[in-house]
Structure formats: structure tokens, C-alpha cells
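Here come two complexes built around chain A, the first alongside chain B, the second alongside chain C.
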Partner chain A sequence: MSDFLQAIASGAQAGLGYQAIFFVLLAVGLNVHFGYSGLLNFGQIAFALLGAFGLAISVVRWGLPFWVGILIGIAASVVLAILLGIPTLRLRADYLAIVTIAAAEILRLVFRSVGATSVTGGTRGLSGFNADFVALAPWPGGRQYEFWGMRWSGAQLWLALIGWIVVLLCSLLIWSLMRSPWGRVVKAIREDEDAARALGKNVYAYKMQALVLGGVMGTLGGSVYALGLGSVNPDQYQNANTFLAYTALILGGAARVWGPVVGGIILLFLVQFADTGLKALITNGIIPEDLLSQTDVAQIRFVLIGVGLMLLLVFRPQGIFGDRREVMLDAR
Partner chain B sequence: MTHAPHRAHGHGERISGRGSSAPSPVRARPARVRAARRPLALVLMLAAFALAMLTLLPGVANAAGESVVGTLSTSKSGPIEGVEVTVEGADGTAVGSVETGDDGRFEVDVPAAGDYTVSIDAGDLPDDVKLGTRGDTVPVTVGAGRHQPVIFGLSDGTTGSGGGGAGRVVQLLVDGLRFGLLIAISAVGLSLIFGTTGLTNFAHGELVTIGAVIAWYINVRGGIPLIPATIIAMVVGAGVGALNELALWRPLRRRGTGLVAALVVSIGLSLALRYLIQIVFGGRSQAFADFQSQRAVNYGAFTLTNRALASIIISIVVLVLVALMLQRTKIGKAMRAVSDNRDLAASSGIDVNRVILIVWMLGGALATLGGVLLGLSDQVQWDMGFRLLLLMFAGVTLGGLGTAYGALLGSLVVGVFVQVSTLVIPSDIKYVGGLLLLIIILVIRPQGILGSRARIG
Partner chain C sequence: MPADESAHGAHAARPEQVAAVAAPAAGSGKAAPARLAQAALRDLPWEIGVPKPDPIVVVDGVTRTFGGLTAVSVDHLEVQRGGITGLIGPNGAGKTTLFNLLTGFDQPNTGTWSFDGRPLGKLAPHQVARLGVVRTFQLTKALSRLTVLENMLLGAQGQKGENFFRALLPGAWKGQEKANTEKAMDLLRRFKLDTKREEFAGTLSGGQRKLLEMARALMSDPKVVMLDEPMAGVNPALTQSLLGHVKDLREEGMTVIFVEHDMDVVRDISDWVVVMAAGKVIAEGPPESISQNQAVVDAYLGAHHDAPLTVEEEDRVLAEVEAEINREQRGDAPPGSDVISSDGPGGRR
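For the complex of A and B:
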């Protein structure tokens, strides 16, 4: 029973901590792309990578303040979004999908390459850039706080506070944008691109704006993640994370302001709960060690996420809050 | 392309001869045949799947205890035999020494995790092989339960600056040809599946990995030579492909799942399979048991190991066979007909579902072969297929999505481009070249080399 409570507590901590904020911001960005505009961006993690490395490189290599680093990351991802959008936004949806996933892989490979080590730190990455951010906390960053079975350091609490404020601001921005004329045009493009074009709307420009907006939110996620970990490494930004964010988005409900937020929290809770729970079950001998070892648990989570993503799309594509008619899954 | 209209014509005559009541028996016949065939197909699938599971299961156990392992070999000399390797503890106590075997490998058990130094006797090396920058003594840290690999970085004069100019270009062209053919073999299925069903299958890379992993288990754990092991694995791979279609994609098509939803489902499948493979197979890369210790044979302008040469020949033969099948046989023509216009093909009397099933089986078998060839040159790894997938997409898109010959041509271009690009860019980012090529092609000619404008919508 104590193991069970322990699993719930560690799940709750993951669902509220910076990892959850990371995935929620990725998913909020994807919501703008996929949910509202019908753009299949499979390279969201590339934007997060730029957010993380923009921050890390600025602080570690160039000695700039961290908030300048965050702005540099955002600027870099605006450029990336435009570069990705120019060739693909005129083409069918799956072209954008292939190009964005390729771009994410290109960036990761380049950032971890030997030639880039003097800037990005290569496969070792960079660290030691979040001290200024932690120092801003109104309470001591090194102290441990324990409540409801969770154990937070002061720095983590501070980051979680700021991170959730960012999530809130992003969500409010999306909420107001989607009630504005801009949001109605974007949704019209999702439903019927030709009709929107016939009404004289510049479909290409609207799609590009949506791509940039969602990308910047992913970038903020990357910055939060880098601040939380205190180090960056290109291999943390694997393509699998994009699909984790997709799962969060679809679980919560695409094209709903709070869908990705709730979906991200629930998903991270479930993943961490399963993780701790499975480990406890193995330690107690309920699951035999030959069937599943402790080291396999980290992989099991991706298996569960993959299966969960498939089941969701097949049986409940609208997720928890979504509207089945609105979820852009049948258009091409 | 004459086949489908002919058959439709034949049906038409028969119907008109029998009068207006005839269509029902005509329609009933294929239904009955299909009903009879499906249980058989299902049994075959289950058998194939069971076989796959059987070969996958006994892989989890690992020998306990720590050791240092390594291989002494250079590309020109091949594996180096009979070199004495000595391992000492951090305090200078001797742990053990062995001579490398005929495959150049050595393995020395160490008593516990910790720091050791490994040294080789430079006097045992052949004349043309020199010690690399790391010298003859390398310090290692062995983790608990690890078989710690040791790299001496021997040099034979070919690495580093290279043979120079033209010779290196030819060598890279030949390597690129081998790699491009390998991508083509794996990608033909991807392109045909896209053509016949419209599905952008992100789980195709896992077909490659599963094929290679099954062949590895049959070859290394089962002790069966690689060539029969590959053939068995291809049969199983065809079964895995068919299982994909029967268990997942056909029901989804019947439910009317949209193409974008199907695409995301394929990503979920890819994710689940990839990490499942990592759990079963482990995170390390493993080599096949056969054909590992080969010397490069000099052909004048370039050198090739026999296994690389065999890989090129096998790829060409298989691809020619696939092309002949698409061009000449009934089922090949049916595949192209379904690709071209599914509704027209269906109304011409082609059993579209059967054609798609065969495309999946063909794709699975070819992906398996591609996986084995890739494993032969780069070792078998849990994410080998996923890393190849993006290059397959590059090749398929370059050639034109959905066209089988386009996939072939595009893959060749990508393979050659990736290898030759190492002339300019470091080889650890050589895949980047292929992916950049994909993006550039989409800017200039989005329909690909052989694709038609209508497909890009």
C-alpha cells in the first residue's frame, strides 16, 4: 500500500514538475499546428532543442544573461519555422510531416557532431547556466520542501511556478486568438483550404504564422526543460518526445485550449506512476525479474505510449474534451 | 496495364450472355474464395508470428561477470591474428593475457568492475599496420556487469587523409551504390504501400529492424548459417507485413479511418515496436556470426569486402526481379493498377484487398532483406530501421511518392549522395546530407523525379 501511495506521489510530482511543463508547452504548440491549423508538425522537438541550446549557448559560451538566451532561442526557432514552412506549406500534409521530422533529426545530429563540440558541447552537452534563474527565486533554491508525499527543492518549485504561469499565458493567448478573426480563418483553412482561398485569404501566410506561433511555444518548453535539468544534451531531444507530446495533445483533446494542458499532466502522471509502480512490482517479486528487468522499465513507457496513441486514435480521436467533428483527422 | 481491362471485359461478356440475373453468382464467387482463403491466411500469419516470438524470446539472459573485449583490425589488413593482449589492474597487477583469434577478437575476463589498462604487443602487428594515436596501452573503466569494449585505433595508412582525389571519389561512389541499393530494397515496400493504400507508414523502419533482429536470432542464437537464416527471416518478415495489414490496417480501412489518423497510428506502432525491440534485443549493437572477418579485395580503383560485393549483387538481382514482377506478372500489373486508381481497379475485377495484402508481404520480406544487408555492414541495432526510415522517405520522396521505380531511383541518389558528401562534411553527420537533399528537392520539384503533379495536392 505504501508503494502504491509512493507511486501516486511520484506520479503527481512528475505531472506538476518541469517535465510536465515541457511536454505541455510542446503539446500547446502542437495544438496550434495540428489541432487548429491542421499542420502535421512532427519535428516539434527541434523547436525545443533550439530553445534549450539557445539558452545554454548564450549563457555558457557567450556569457549573456539567461533571459537574452531565451530570446535568442525564440528568434532561432522563428527562423527555423520559416525555413521549414517555405518549401512545405504549399504541399500536402504528409510532406510537412516528413520534412519536419527530418529537420529535427538533422538538428540533433548536427548539434551532437564532433565538429560542433566547441559550440554545443557535442554528445556531452553543456551545463551550469541556470544559476542566475534559480537566484531569482524568492525562497532559498537549495532547501527541500515536503508535502503530500512529494519532495521538491526550492529551485524546482520556483521553476514550476514560472513554468505554469508561462503555460497559462500561452493558453490565454491561444484562447483569445481563436476567438479573433485570425483564429476563425485558421480554423477555416483546417476545414477547407480551397474555400478559405476562394474567400481571398492568403492561406500560405496564415499557415506560416500558425507554424511560427506553435513553434515558439515549443521553444519555451525547451527552455523550461533546460532550466529544470540544469544541463542540455542533444540526445535528450529525440523524435520520440514529439510523439509523446502528440499523445498528450490527443489524450486531452485537440483544438481545445485546455486539452493539451490536461492531457500533458495526465500523461506524465500515468507514465511516472507506471514507472514507479512497475519498479515496485519487480522489486517485490510480483513481476518476475526474467520477464521484465528494472532497466527495461524506461523502455516500457514508450511501448505503453505508442500503444496508447494507437488506441486513442482508433477509438477516441477526440480525446477527453475534444469534439469528434472538429478533430482534423480525415482531411488530407 | 492491359490486364485489368481484359478481365473486366471477360466478365462483361459473361454477364450479358446469362442475362440480368447473372451478377449475383459472379459476385458470390470471389467472396466464397476469399472466405475460404482467409482462415488459411490467418493460420499462416499466426504461425509466422509464433515463430517470430519463439525466436525473439530467448534473448534476455546475459552472461554475468565483467570483461574487456575488442577487435584488432584495419580495413586493408583485415582482422589481425596472434597479437598478445595483456590486461593489468590499476595497481599494476597482471589480470590475464590472450592472443587475438583469427577474427582479430580478444576477450579477457576481469575479476571486478574498476580501472584497468589494456596493452598490445606492437611487435606482433603486421608490417604495414602502425599503432594509432592512442599508442599500445589504453586505460579502460569497466562498469559492473559490462563487457567493456577497447579501441586501439590502429592505422594502416588508408584512414585519415585518405588515398586522395579521384580514387576516394570512386571508392565513395561504390560504397554509395551499395548503400543506395540497400535503401531501395527497404523502400520499395514503403512506396508500394503508399501507392496502394495512401498510408505514409512511419512503422516501416521497424519492419527493417524486426527482419534483421529475427535473422540475428536465427543466425547467432540458432546457429544456422546466415544465408538460410535470411531466407527464413524473409518468410517471417512477409508474415509480419501480412500481420500488419490483417490485424491493423485492413480493419482501420474498413472503419474509414482518415489518412492523417492512420499516419499517427503508424507512429504509435513504430514507437511501441521500436522500444519493444530494445527490451527484447537490448541496446547494444550486435554483429551476425558469419562473414565478419573479411579482408577488402582490391579491384584497382576501389576496394570492397566480399560481403559488400555480395550485398550489391543481391540487391541488383532482387530489384530486377521486383521490376520484372511489376512489369510482367498478373499480380504486378494489379499492384500498379491499384496504385494508379484504386476504384477503377476494383471495378475492373481486381481484388484490391488481396493485392494490398501481397504488397505488405512483399514489403515485409524486402525490408527484412534490407535489414540483414544493413546489419551485415553496420551491425544489428534496435533503432537501425528508424534511422534508415528518414533516408527511405528521402529516397521515396525524391523519386516520387507512390511510384515503385521512383523509390528505386531516389534511393540510389540518396545513398550515393550520403556517401560522397563525406568528401566535404565529417562522416558523423553524413545522414544530414541525405535529409537536406530531401528538403531541397521539395523546394525545387516537390513531385519528385518520376512523380506526377497530381499527387502533391
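For the complex of A and C:
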């Protein structure tokens, strides 16, 4: 029983920690793209990478304050979104998907290349840029806090607080946009671009705005992740994270303001809960060691989550918050 | 304006025709624009490219080719303001392509076209729509996962809340939104969709989607409404109601251009009919002129569909074929390959 509680507590800590905020912000951005505007962005991690490295490079290499670094990361993402959008947003949706997936990989490879080492630190990355941020915490960053079976350092609590405030603000922004006529146009574009054009809407401009908006949210996720880890390394920004964020989005329900937020929390909770829980079951001998060893847990938990997702899509395709009627309608 | 003078003359000259048009219009005042257009077009010669007294859309030398295929090649075409112009023609005649060109969804290889004297070349679809030329699509484009009311509100033009930054200040657009909602509800009541306002458009039937698409187009207060097969796939009862709505547009002073295959519908509502075949305009005139037009009959049914061959013609054709066969057998067959060579042309034919 105590093992079970321990698994829940460690799951909750993962579901509320900076990694969860990272995935939630990626998913919130993807919700703007995929959920509301119908843009297939398969390279959301590229925006996060710019957020992380914008911060790290500004502080470590250029000696700027960390908040300027975050702004630089955002500016870089806006530029990236516009560069990706100019050639692709006039074309069919699949072209954006191809270009974003390639851009994410190109950026990671460029950032880890030997030639870029003087700026990005290459494969070793950069570290030592979050001290100023931690120093802003109203409580000592180094102290340990224990409650409800969770164990947080002061710095982690501070980042979680700020991170969730950012999530809240982003969600409020999306909520207010999506109930406005702007949101209505964007949703109309998701349904049928030509119909929106025939009604006098400049589809290209709206898609570009949506791409930039969602990208900036992914960037904020990258900055939070970098602050939490205290170091950045290009290989942390593998594109698999984009697809985990998509998982969070679909789990919570696309085109719903709180879908990606709750989806991200639950996904991270489940991953950690399965990990701790399975290990406890093996230690207690409930699962024989021959069947599943401790070292296999890291892989098998994703298998379990994959099976769970399949069941979700069969029995509740709309996710947690979605409207089943809406999902059952063919989009076109 | 010549149209004004001849308006009453039309009444006297062709009572049966005017009665058919005027019947659905409630007040005589409302019916006036319809008669204007019809009367203005009454005395025009039934010629291709004939100038109209008051054209709102003028097309000049527009061609569009897809590879080797010339989809549209229109030398000159004028569309009368305030009238219902039917665009008919066999499949593949280029009607929808012409629609796409006129609304900016496609760009022609050559040519110019203007709306209200303003050239429309090189304008994007949304710019054309903002000028007041709004279209519907052959395959209905209801925005499935938006509610019926949201669909309608999208049609409204000049919305302040559609700007990204102003969208964040509800005070800036709430008033306009309310006015638009009232207008949308009025239109929905007219189209008998008001009970469906909160339903997703994707749950409507095919006919209701056609109605919604037309109502949505009207939200923008268009000057020209272009309907691409508005009656396709609609049951006969709803067709009557749709026809009524199209006629109402004319009563309100809008110009309607529509593509349609059902000749009864075309005869019923159009003031002027333009016939296209193989990308060209092959005839135009009032609806009653079209069925008598030899070019139109040929285009639809083929040039010799009702002319049996005479005995002399039959003999001549037979003689030609025989001569051809003889020629092939005698001259062209290489030695030693009789079977193959006689098989070859036959197979090809």
C-alpha cells in the first residue's frame, strides 16, 4: 500500500514538475496549430530548442540578463515561424508538416555541430545560466521541501510556480482569442480554407499568425525546461518530444483550452507512476523477475501507455475534454 | 436609362413571361428590379458577346489552359446588373473554371475581366470577396465543426474582432458581434434554419447545407452572388424553396450568376442564359431562345443526333471505308507479315 502511495506521489511530482510544464506548453502551442487552425506542425521541438538556446546563449555567451534571453528566444521563434510559413502556408497542409519536421532536425544538427561549438557548446551544450532566476525565488532555492510524499527543492518549486502561471496565462490568451471573431476565422480555416477565402478572409495571414502564436508557446516551454535542468544540450531536443506533446494534446482533447494542460499532466503522471509502480511490483515479487526485470521497466512503461492510448482512441476518441459529436463529424 | 423606359412595355408585350417572374414577389415595388433587368435584356440580339445596357461583370479574352487542354476561352461576355444569368453547358464545358477565374481562385493565362468597372485581374480570392463578389461551391463547403450561427457570422465583412490584437479586447467587437448575430438570425429565419443555430453545420442534411452556404454568402451583403450548381443533390421540394431564395436575391437588387444542369430550373428563373461548350461561349440569349439554338442542341446532343443517313450518304461512307481497307491490304503490308499487319490497324481502330 505504501508502495502504491509512493508511486502516486512520484507520479504527481512528475506531473507537476518542470518537465510536465515543458510538455504542456509544447502541447498548448500544438493545440493552436493542430487543434484550432489545422496546421500540421511536426517540429514543435524546434521552437522549444530556440527558447532554450536563446536563453542559454544570451546569458552564458553574451552576459545578458536571463529575461532578455527569454525574449531573444521568443524573437528567434517568431523569425523561424515566419521562415517556415512563407513557402508552405500557401500550399496544402502536408507541406508544412514536411518542412517543420525537417527544420526541427536541421536545427538540432546545426546546434550540435562542431562548427557551432563556440556559440552553442556543441554536443556538450551550455550550463550555468539559471542562477539569477533561482535567486529571484522568495524562499531559499537550495532547501528541500517535503509534503504529500513529494520532495521538491526550493528552486524546483519556484520554477513550477512560475511555469504554471505561464501556462495559465497562455491558456487564458487562447481562451480569449478562440471565443473572438479571430478564433472563429481560424477554426473556419481548419474546416475549409477555400470557404474562408470565398468569405473574404485572408487565409494566409491568419495561418501565419496562428503558426507564430503556437510556436512562441513552444518556445516558452523550452525556456522553462532549460531553467529547470540548468543546462542545455541539443540532443535533449529530439523530435520525439513533439510526438509526446501530440499525445498529451490528444489525450486531453484537441481544440479545447484545458485539453493540452490536463493531458500533459496526466501523461507525465502516468509515465512516472508506471515506472515507480512496476519497479515496486518487481521488488515485492508480485511480478516475477524472469518475466520483467528492473531494467526493462523504462521501455515497458511506454508500451503500456501506448496500449492505453489505443484504448482511449477506440473508446474515447475525443480525449478527456473533447465533444464526441464534434470528433465524429468528418472535417471536410 | 433605357431599362426604365421599357419596363412597363415589357409588361404589356409579354404578359405570360412577366407573370411567371413577378408571381413570387409580394409587392409591386419589390418586383421592380427584376423587371428592369429582364426588360433591359428583352430587345438585345441573341448574339455571343452582345453588349448589355448596364453590365456589372465584363469578361474580355480570358483563356485558361491546363497543359494542352483549353478549359476556358471566352472572347467577350457581359453580365447584366440586377439580373439572374444562368450559365449552362455540358460537363467539362469550363463553367466552374470560369467561376474560379472570376473569383480569383484561379488565374487565367490571358485576358482581363472587371467588376463594376474595376479590373479584377491578379486579385486574391479574399480581395474579390471583399469587393462584393461572393460565391458558393459545387461541393458544398459547410464548415462542419462550427455551429450554424458561427458559419453565418463568418460571412460578415469588416469585423473588428478578426484582428489579432483587437480580438483580445472584447469591448472592441462585442457591439458589432451583436448586430451581426441579429442579422444572421434574420437570414436564418428566412432560410428556416433558425432552430438549428447551435447545431454543428456538419450535422445538417445536404440540402440544408446548400441553404446555409447561400445564407452565409448573403451575410456579406454581396453585389454579385455566384452559385455553382445550387440545386445539385437537393430534393425537389427544397429546390422550390431554393429557387424562391434565388429570385429574392434579384428582388433585393443583387446580380446572380449561377451554374445549373436542370433546364427547368434555368428556364424558370434566369433572365439571360449563357451556354458554354468546350471552353467557349456558344450561345447566349433569353431562356426561350436557347432550346431553339442549333449550336446548343449540337453541343448537348451531337451534330447528327437526329439526322438519319440518306442512302446516298450511306453508300458514300461504305465506299470510302472499302477503299481504305483495300489500300491498306495492297500497299502498306510488308511482305511475310500478313497476319500481323491486317490485325494491327484493325486493333487500333
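Assume the second predicted complex is superposed on the first by the 287 of 332 C-alpha atoms of A that agree within 3 Å, B and C clash if a C-alpha of one lies under 4 Å from a C-alpha of the other, contacts with A are read in each partner's own complex, and residues count from 1 in each chain.
One rule holds for everything that comes next: contacts are C-beta pairs under 8 Å (C-beta built on N, C-alpha and C of every residue); 3 or more make two chains touch, one makes a residue touch a chain.
Fair warning: this is a prediction, and the values are worked out from it, not measured in the lab.
> For A:M310, decide between first (touching chain B), second (touching chain C), both and neither.
The answer is first: A:M310 touches chain B but not chain C.
> Output check: A:N202 vs chain B and chain C. Expected answer is one of first, second, both, neither. What do you get?
Second partner only.
> Give one of first, second, both or neither to describe whether A:L177 is in contact with chain B, with chain C, with both, or with none.
So A:L177 only meets chain C here.
> With the two structures laid over each other on chain A, which partner does A:D194 touch: chain B (first), chain C (second), both, or neither?
A:D194 sits against chain C, while chain B stays out of touch.
> State whether A:V185 touches chain B only (first), chain C only (second), both chains, or neither.
second
> Would you tell me the residues on chain A in contact with chain B in one complex that are also in contact with chain C in the other?
Touching chain B and chain C on chain A: residues 329-332.
> What residues on chain A touch chain C, complex-wise?
Contact set of chain A toward chain C: 173, 176-177, 180-185, 187-188, 190-192, 194-203, 209, 255, 325-326, 329-332.
> Please give the residue numbers of chain A that touch chain B in the complex, ascending.
40, 42, 86-88, 90-95, 97-99, 101-103, 105-106, 109-110, 113-115, 240, 243, 246-247, 250, 290, 292-293, 296, 299-300, 302-310, 313-314, 317, 328-332
> Per the contact definition, I'd like the list of chain C residues that touch chain A in the complex.
Going by the criterion above, the answer is residues 103, 105, 124-127, 129-130, 134-137, 141, 143-146, 150, 153-155, 157, 159-164, 167-168, 170, 173, 177, 200, 202-203, 216-217, 220.
> Taking the touch rule as given, give the residues of chain B at its contact with chain A in the complex, in rising order.
The contact residues of chain B facing chain A are 60-61, 200, 252, 255, 257-261, 263-265, 267-276, 278-279, 390, 393-394, 397, 426, 428-429, 431-432, 435-436, 438-439, 442-443, 446, 456-457.
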